[in-house]
Each structure stands twice: as structure tokens, then as C-alpha cells.
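See the structures that follow.
Two complexes are shown next, each including chain A; its partner changes from chain B in the first to chain C in the second.
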Partner chain A sequence: MLAIFKREFLSYFRSPVGYVAIAIFSFLSGFIFYSQYSAGSVNIGSEVISLRSFFVIIVPIITMGLFAEDKKRGTDILYYTTPVSLFSVVVGKVLASVALYFVMFINVIIHIIVTLASGGVFGVGAFGTIIVFFFMAFMFIAMGQFASAITDSQIVSAIVAFILILITQIISIIGDYLGKAATSLVGMINPGSEAASSFGEGVRSFISWLDPFAKTQDFRLGVFSVSALFFLLSVGILFLYMTYRVLDKKRWSQA
Partner chain B sequence: MIEISNLVKRYGDKRAVNGISFTVNDDEILGFLGPNGAGKTTTMNIITGYISSTSGTVKVNGHDILEEPELAKKEIGYLPENPPLYYDMTVREYLNYICDLKGVAKERRKNQLDRIVSMVKINDVYNRLIGNLSKGYKQRVGIAQALVGNPSILILDEPTVGLDPNQIIEIRKLIKSLSKSHSIIISSHILSEIQEIADRVVIINKGKVAAIDTINDLSKRLSGQTKLLMAFNGPVKDVANAVRQIPGVSSAVPRLSDNRVGELEIGIVTDDSYKVRTALFFMMAQKGWPVLELRSLDPSLEEVFLNITAGKHGGKK
Partner chain C sequence: MSKEIIKENSQNDNRAEKLKLYSIGSVVLLALIILLVNFLFDKIFGKALTFDFSDYSQNSISQESIDYLNTLPADTRIRVVGLFNRPDNVSDTKYQYIIPLLDDYVKESDGKVTVEYIDPTEHPSIIQELDPTNSFDLASNTENFVVSYNGKIRIITPIDCYSYDEGYLYQYGSYLITGNNTEYTFTNTMYSLTQGFTGKAYIVTGLREEGNTYLKTVLDGMSVEVAELQSSDSFAIPDDCDILILNGPNTDITEKMYVAMTDYINRGGKMLVAVDYSSSNVTEKYDRLNMLLNQMSINVDNLFIYESDPGYQRNGYPSDSNVTVAGAFSSYSANYALHCTNARSVRQFDSVNSGLTVLPVLLTSETAYAMALDQYGNPADDGVADSGQHYVAMYSGNENNGAEIFVFGTLNFTSDAYISAYGTNDPNVEFTRSCVRDLLNSSGNPSLGIATKTVDNFSIDTAKATTTSSTLVLIIFMMVIPILLIAVAVFVYTKRKNL
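== the complex of A and B ==
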């Protein structure tokens, strides 16, 4: 696992990918921090929350090559023909991408130092948003890695990862829409029934339950929820398992 | 030693590999031949654990590739048709990475890599990026990665494809030298290459083993008898009649000849061609007909291959 982690992490800096991701993150975080700083009201928590919106751009960039590039070049054969386990390959790669996020996050650490040096505040709420940030990064990277495992095209991988992450970001809107659609549908089948609205509400609340942003919004207030972190971790592990299954299936494929 | 027993790989309704069985002995080079789509690469991929068979077993030094994959894989070094190289790494970084994947202990690593690097002659490019190397060097690095971990078995899929003639000769020499301490399965489309380096050949066709034998024995089976070509200076009819009198000779058919040189195609029915050749020499010397050339006319591996894969001959020995 360590060998895979090391290779993947260093490969970010042997190609433009790592530098591009760091540059985008640095620009965005720098812009947000500068805007706050020049307005005289720095809030690291809100900076980190704003940065979460850009997972949808940065994660596909750093995960698109994880497996797609291996498949294209034929280097994935090493994972199957050497004594290394596929599980350690999957975990090693995802940790390498998370580590790149740590490197990118140095920007925010600098902002925290500047804030504290300028007499600003770094409260428990801001600390909570940072914890959520990394759990979310893990979850979205696991999704991106899965997208990379199902294709040998980096472009396709990036598009699938973008769509998956976008869905999680607008899942409450999707929930509202599908809830209304379900209400209308049941209303058409059974006009005048109260069951229609309660069914639609059930659909809406189930889909909204999946919203990772809603689940973790209280962290900014310093209210930590272990179940919310467990949710993010579980979804990430689910995608790691799906990635493992996709890779293992190749060995058994009869198609 | 590799024992392959009744291997089947099914893709939908098609059987890419259909009941293949053979054994690779210690320290032998086994040539693996077959037309495109015969199932060579599929078989190699199953042996190395890259894909799994639908049924059948592969045992590598006694370890089943499915039941004890890690132990089996430690015994195998695999060079696929396209070497699995990372172009963004130097040769040194890449081979160290392969050492990590194969679990080579840090204290043994330096000695092992030094030995491999000098064996495959990549000392000059050890610190260069793989992406900047020539195809020949890339192939050498591919062989080097197969040698990492000191496996007792090497599986080489088309190791000389795309190389220039000098590089082909060098890689061939290298493979020959590796056979002193490794069992090697080598697939190649260059039949002369297999003929030159392999101890035995397996010819597969349409997913089945069409023949397994040494090249000489395959040639004999194909022609049904050993044939010699003799060039001489003498009267062709008289020589043919005299040759037919030698015990063990079944036929003596004149071939193209001019005033100075006659040629006879001589069929031998006995297994001991040494006696026939000796008798030929003394008979020709006694008659005063100088022998200018005497050579075997056994079919080349190319002819054997074409005949077997065309379905004219075959069957396992």
C-alpha cells in the first residue's frame, strides 16, 4: 500500500496535474481570503465552506488518471500479476489523492496563521469545518476514483466524477423536484388522496437525507456530529469497495 | 515447474481457451506458438493471474494460482506484449517500485538490482526517464521488471516485437542466458527465433493444444521420415541406384542438377540416420564420387507451424 501511495503521490508532481490542482486551489482560497481580509472580517470557517463548492472541479482533475491512465498504458497488469493485493492498491491510491488535498490545504493553514497574527479568531466552528472538509474530500475522491476505475479514458472519468459530485451538491434540489413529481404521480393515480402529498414528502425527505452538506452544516457552529462524519466515511468506503469490485471483476470477466 | 491442466476460458459462447494442458519443466525454454487469436495471450494471462480461467488449474511450483495467488505470483516474472512501464519514472525509481510491489526486502534490494541491471545491460540508462528511452531499452527495462524478486519462472509475450535486428539478437542472447536458471515460456511470431532458443514448443490453435514436442521430433512427425539432401559430382542415375542399395534408405529422388553437381533427396526409414550417413560417405568415396554437401531436409518450424495450424497434422504427443 505504501508503495502505491508513494508512486501515485509523486506522480502528481511528475505531471502538470498536481501543480494545476494546487494552482486552482491556491487561487480560489487566496481570492476568498483576500476578499474577507480586505473587508476586515476574516472567517476561516466560511472560507473552507466556500472551498467545498470547488470539489466538483478539483476532485475530477486529481482522480481522473488514478486507474484510467493505468488501464490505457497497460500498467494495471502489475496490480494483478505481482503479489500486491487489489485492496491495498485501491486504498493506496485514494490516500495519495487525499494527501494532495493536505498539500493544497497548506494555503488555508497560512491564512489561519495570518489571521491569528493579525489578531483574528480561529474558533471551534472553523476547526469543525476543516474536519468536515477532509471527510468530504475523502468521500468525493473515492467517488472520483470509482469513476476512474470504470473507464480507460481520463476525459470520461473526469466527466463521470463531475456528475457524481454535482449530484451530491444539488441533491436537495433533486429531492424537492422528485418529491413534487412523486406527489403529482400519486395524485394522478388516486385523485384527492392525502397519501399523495405524504408519499411525495417521503421521497423528498429520503433524498434530502443523503445530502452531505445539510448533514454537516452544524459543524460551523461548533456542533460536532459523529453520525455525520460516519455517513461521509461510509459513503467513501462504499465507493472504495465498488472500485475494488470493478477491478476484481475484470479478472473474472466472461464478456 | 508449471503444470497447466485442462484450462478453459469462456467469453460468452466463445471458448478462447478450450481444455489446454501442458507442463513446463525446470530450466527449459518452452516456445509458445499459435496464429493470432489462438489463445496464446489469454493462456499467458491466466498463468500469471491477470485473468482467471473458467475452469482448469494452473500450478506454479506446486502453488495453485487461484488458491495461493501470492505464493504463485512470487515465482513468476511476466513481460506482457506491451511492457508495463511508467514513462514518468526513471529506470531506478521504476525498478525500486517493482521491488516494493514484489516485496523485495530493502537489504537484498541493492544487490538484486545491481545484478539485474548489469544482466540486461541498462547501466547506461539507469537514471534516465523511461519515456525518453529507445524501444530496445524499454524492452530491456520490461525484462528487468520481470526479473525483480528473483522468480524461477519467466513468461515473455513477444519479447522482441518491434526491435531492430541487433536488438533482437541481444535480447535472444539474454533469454538464452536466463534459461540457465529459469523456466521460460516465450511466445513469438518469429518462428526462427523460437527454433533457435526453445527446447520444446507448444503449438495452440483455436484454443486447443495442436502439438507439444521438440522441434526436431515435430519435424519428423510431420514428414513421416528423416530426409537428407546430398549434392555430389557423379552420374545421377548411377548414384541414385547405388544409394538405394544402402540399408535404411527408402528412396533416392534426383533433384535439379547440372553437369558438375547432382542432387539427390534421400528418404531414411531407420531412426539411426548416423549409420546411413556413414554408409553413404564410404560408398561415395569408394566409387570416386565426391560428396559436396550432405544436410538434413527436415521441415522448418515454419512449415511445421503452417501444417499444424492449417489442420493437416497435429495431435498431442
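== the complex of A and C ==
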């Protein structure tokens, strides 16, 4: 696993992908930091939360080549023939991408240092958002890796990852619409009943319950919820398993 | 040979199909397990495994609230209803400090407090359910909270939960939050609903006063029912008035008021009067008010308190100073010195009526001046009126009929501007509470002493964060670093291309 991790991590810096991803992250985080700094009030927690919105751009860039590139070149056969477990391959690649996020995050650490040097504060809420940031990074990278495993085109992989992450980011809005649709549907069957709105509310609540952003919003306020982190971790593991199944199926189908 | 190939291909197809089914089945099964485990984990351990590490424990109720909730009978049901759908994200909204704290009430109350979020536009029946007589017009309170207990309800608006800078609001028209009173507001609202009212205060309005919002909040928190008494030709003081309050009138009371208040005092009424010496009333002598106060042997002079003792001055301002609490009232405050601004001299009237006990309450230094000012707030031509120790507040009680009065020559104990800036737990406000308790003759502590919490402040040092440093931040973080990285990316790309 370590060998896979090292190979993948270093590959980001042997190609332009890693530098471009870090450059985009630097620019975006720099813009957010500058906006706050010039206004005389810097909340690192807000900056990190804003940066979470850009997972939808950065994660597809860094995950699109994880498997799709190997498939395109035909080098994915090495996964099936070398004495390395597929599980190690999957986890090693995800950890390499997460490590790249750590490298990107050096920007924010510099911002924290500048903030403290300027008499600002780095509170427990900001620390909470950073924890959530990396758990979310893991979850979204696992999604991106899955997207990369199901195709041999990096573009298709990036698009699928983009859609998956976008859906996750707007799941509460989707929940609202589906809740209203469910209310209307039940209302048509049983007009004038409060059961319709209750059913719609139930649908909305259930879908909103899946929203990782809503689950983790209180970290920013200094309220740390273990169950929210557990949720992010378990969804990430689900996608790792899905990636593993895709590869495993291919291994034995090709025998 | 071809049959064998066909057979092998067929076996491969079957195996691939089985693997596909196995993959899909196992993924679906794992997804369901993860969903179920998360749901159960959230429901069973979600609250227990949620920890408030915030500065000042903004999102947790304090031991005072927990102790109060523990004193309630097990079958107590206090219902808090937010008249809106619960927002998915409360960060940077007015509910930021409210909703997480309400969650903690539910967690700590052992079922005695429930919190719901019901939008009346989606569930109109909630209005009838909470307020059958429609006394509170809940339909127009759709951003607020209702606290309901045994059919009694109280409305709490989000801004009730915060202290804010009144001056900033006046100047810019928006709220600059200075403190978090969410717990104070909710716990004392629950407290007053479950305990019942300890008295009723009427605040006289219509005398160009600044406002009484915070004083009402303080009285609410003491379980004192508050109503306003508007200045009018038919001004009368209701029989259920336990305390009559004049909070910062900038004009004198009317003749009708004078008659009604005189009658009220003669019937043994209690009053709390607060005036100051500001640009709004610099020429006001309060002749009728003084005629009323003179009956209790107190007079409010048209003289400005100028504190000359640097040890009493706050930040070097003679108009903003400390005042000491007189010995007879030392139990009213844990602080020896309280804060006084723009004070008017309060003194004992020349003749003391029999049966009256007149006492100083708040005192200046021995070297303060009581000065006459002109209409522009400058020392009048006749200059210094008096030098020595002066009173900023006095008390008078009539042992014959039970009438009592506290007169303050500063608004630092009752005004919106002061309480909003210093919070409801400021020593001055606590002193006001003690005076009200004294007037109500109530024993014990009718309100729960819950501290105002400091809100997060992310300001940076403006001396360090100059325009130059901002420009440097812009150049380094948004230009130099990204451009360097792109340059390296181009370099690497070129190298690889040439391999």
C-alpha cells in the first residue's frame, strides 16, 4: 500500500495535475483570505467552509486519472497481476489524493499564521471546520476515485465525479423539491389532508439527513459531533468498496 | 474445438453475470447497512457524542439553567416552537447561536423541553393550537420562537437573544451584535412562565424617551409583567400597578400625570425614576416631576455632574465616571463602584416630610462639581454651582403609607443604550434588579442569573492589517503563488512532452 501511495503521490508532481490543482486551490483560498483580511476581520472557519464549495472543481481534477489513465494505457493489468491486493491499490490511491489535499492546505496554514500575526484569532470553531474539511475531502475523493474506476476516459471520469459531488452539495435543495413533489402527489390522492404535508416533510427530512454539509455545520460553532464524522467516513468507505468491486469484477471477468 | 470455445465463453459470461450480481448485491447490502448503522448511531449516540468545545460554551446551557430544569416536576412540558422550517445551515444567520442552544435544552431537560420548527404557512393549525385567541398575531411572527407552557405563551424574536450596539444601529441601521443573551432569554422566559409573575410594572411612555426594550427584557427575566402607560389626556395609573417607571423622559410630565402620580404615591405606590443630563434635555428642569418628587423629599437639579477626581473618572472623562454605592445599599451590588454617565444631580429636598426616610444611593467623589450648563451643553456663565460630594441616585420611603421611590440622575441603569452595550449582567443592571426587588418586596431571586456570553470576534489589529499589508496579501496569495505553481506545471509538462 505504501508503494502505491508513494507512486501515486509523486505522480501528481511528475505531471502538471498536482501543480494546477494546488494553483487553483491557492488562488481560491487566497481570494477568500484577501477578502476577509482587507475587510479587517478574518474567520479561518469561514474560509475553510468556503473552500469546501470548491471540492466540486478540484476533486475531479485530482481523481480523474487515478484509474482511467491506467485503463487507457492498459497498465491497469498490473493491478491484477502484481502481488498487491486490490484493496491496497484502492486505499493507497485515495490516501495519495488526500495527501495532496494536505499539501494544498499549507496555503491555509500560512493564512492562519498571517492572521495570528495580525492580531486575529484561530478558534476552536476553525479547528472543527478543518477536521470536517479533511473528512469531506476523503469522502469526495473516494467518490472521484469510483468515477475514475468505471471508465477509461478521464473526461468522463471528471464529469461523473463532478455530478456526484454536485448532487451531494445540493442534496438539501433536491430534498426540498422532492418533499414538495411528494406533498403534491399525496395531496392529489388525498386532497386537503395534512398527511400530505407530513409525508412531504418526511421525504424532505430524510433526504436532508443525508446532507453532509448540514450534518457538519455546527463544527464551525465549536460543536463537534462524532456521528457526523462517522457518516462522512462510512460514505467514503462505501465508495472505496464500490471501487474495489468494480476492479475485482473486472479482474475475474477477464480471466 | 469451436464447441469448447463456445462453452468457455458461455462459462465466462455466466461468471461475469454472477460477479456483476454479486457486486451490485454486496454494494446495495453495504449501503443499506451503512445507512442503518448511521441512522441508529445518530439516534442513539448522536447527542451523547456531541461536544461543545466553543469558547464561552455558546452552544450549551449553563449549570444555572440545568439546575432550574431539574427543579421542575417530571411531567412539565415546555414547548418551544420556531415558526419556520429549521434551516439546514445556521452559520452566519441570526439563528447561529439560538438553534444549537435549543438543541442542548432538549438534550439536558429530560423531556421537559421540546423544540419544534413548524412553518405556519405550511401548517396553519399551529397558530390556533398555540394562540387560540389570536392575541399575539403569530401569523406575523414567522421568524420568531414561541415558548408555550400550560396555555401561556411568550414570543421571542431572534434579536431578543442578543445585545447590540444601539449607537451603531442608530447610525447605520443594522445590528452590531455585542453579546449573546440566548440562554438568558430562553431560560428566564421558561422560568417566568412556570413560576408566574411576581408583579406588574407600568412604564410611562410618550415623554420623548429613547426606548425601553432592554428594561423590559430585564423585568421579563425577573418575572415582572410589563405594560406601557401612554401619555394621554386620560392618563391614569391602573390599580394593578406594582411599580411605576419613568425611564429617561426628555420632557416633563404632564399636569394630568402629576395628579395621577401624586395620588398613586399617596396610596403607597412604588416608583422608579431615571433621568439624565443630555443634549436632549439640557434645558429641561422637570418642574412638575420635581413637585412630585418633592413630596418624597427628593429633588432632581438642573445641574450636570462633573467628576474632577481622576480616580473616579473612567478613561479620563469627567462626564463618565464611577460612583460609589452608599452603605445602606451595599447589599444591592457586589461591586463597590458603579458606572455613571451624563449624570444630573439628585439631592434631598430642602424640607423632609415627616414619616419619610430619605437616603443617598449613589455618590460621587468628594471633589465633584455640579455645574449649570447652557443650552449648548457648555458651562453656563455663572460657572461652577457647587463643589463637593453629590448624589446621583436617592431613595425615599414613607413609613406611613408604604410609598417608596428610587430616583436616578443617570440612565446607565435602565437605558437601552447602556444595557445593550454592557449586557444584562452588568453590575449596574444587577443594581437595578435589586432596586426593583426592593420595591416589589420580593424575597429570593426571581430571575436566574445567567451570564451574557461574548460573541466571536474575528477582527484583526488594524495597526498591523494596513492597506500595504492587504496589498501584499493580494499579491502574494492570489498572484505570486498561483503563477509560480502554473509556471512549474508548464515546465513539468514541457519536460514530459520532450521525453
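Everything below uses one rule, namely that the second predicted complex is superposed on the first by the 253 of 255 C-alpha atoms of A that agree within 3 Å, B and C clash if a C-alpha of one lies under 4 Å from a C-alpha of the other, contacts with A are read in each partner's own complex, and residues count from 1 in each chain.
Please note the rule applied: contacts are C-beta pairs under 8 Å (C-beta built on N, C-alpha and C of every residue); 3 or more make two chains touch, one makes a residue touch a chain.
Just so we're clear, the structure is a prediction, and the values are computed from it rather than from any experiment.
After superposition onto chain A, the modelled positions of chain B and chain C overlap sterically.
In the superposed model, A:S53 lies in contact with neither chain B nor chain C. Looking at the shared chain after the overlay, A:Q217 reaches chain C, while chain B stays out of its contact range.
Look at A:S11: by the touch rule set out above, it reaches chain B but stays clear of chain C. When the two structures are aligned on the shared chain, A:Y19 is found in touch with chain C, with no touch to chain B.
When chain A is checked against chain B and against chain C, the one touching more of its residues turns out to be C.
In the superposed model, A:I77 makes contact with chain B only, not with chain C.
Of the two partner chains placed by superposition, chain B and chain C are both touched by A:W252.
Within the superposed three-chain model, A:L2 lies in touch with chain B and out of touch with chain C [touch as defined at top]. In the superposed pair of complexes, A:G30 makes contact with chain C only, with no contact to chain B. Of the candidate stretches 9-17, 63-71 or 189-197 in chain B, only 9-17 runs into chain C once the two complexes are overlaid on chain A.
Note: residues 14-15, 252-253, 255 of chain A belong to the chain B contact set and to the chain C contact set alike, using the contact criterion stated above. Taken together, the chain A residues at the contact with chain B in this complex read 2-3, 6-7, 11, 14-15, 73-78, 80-84, 250-255. For chain A in complex with chain C, the residues that touch the partner chain are 13-16, 19-20, 22-24, 26-27, 29-31, 33-34, 36-38, 40-43, 46, 49, 107, 110-111, 114-115, 117-121, 123-125, 128, 172, 194, 197, 201, 208-209, 211, 213-214, 217-218, 220-227, 230-231, 234-235, 237-238, 241-242, 245-246, 248-249, 252-253, 255.
Residues of chain C touching chain A in their complex: 12, 15-16, 19-20, 22-23, 26-27, 30-31, 34, 37-39, 41-42, 45-46, 49-55, 58-59, 88-92, 96-97, 100, 122-123, 125, 456-462, 464-465, 469-470, 473-474, 476-478, 481-483, 485-486, 488-490, 492-493, 496.
Chain B meets chain A in the complex at residues 10-12, 48-52, 54, 69-70, 73-74, 76, 78, 80, 82, 84-89, 97-98, 100-103.
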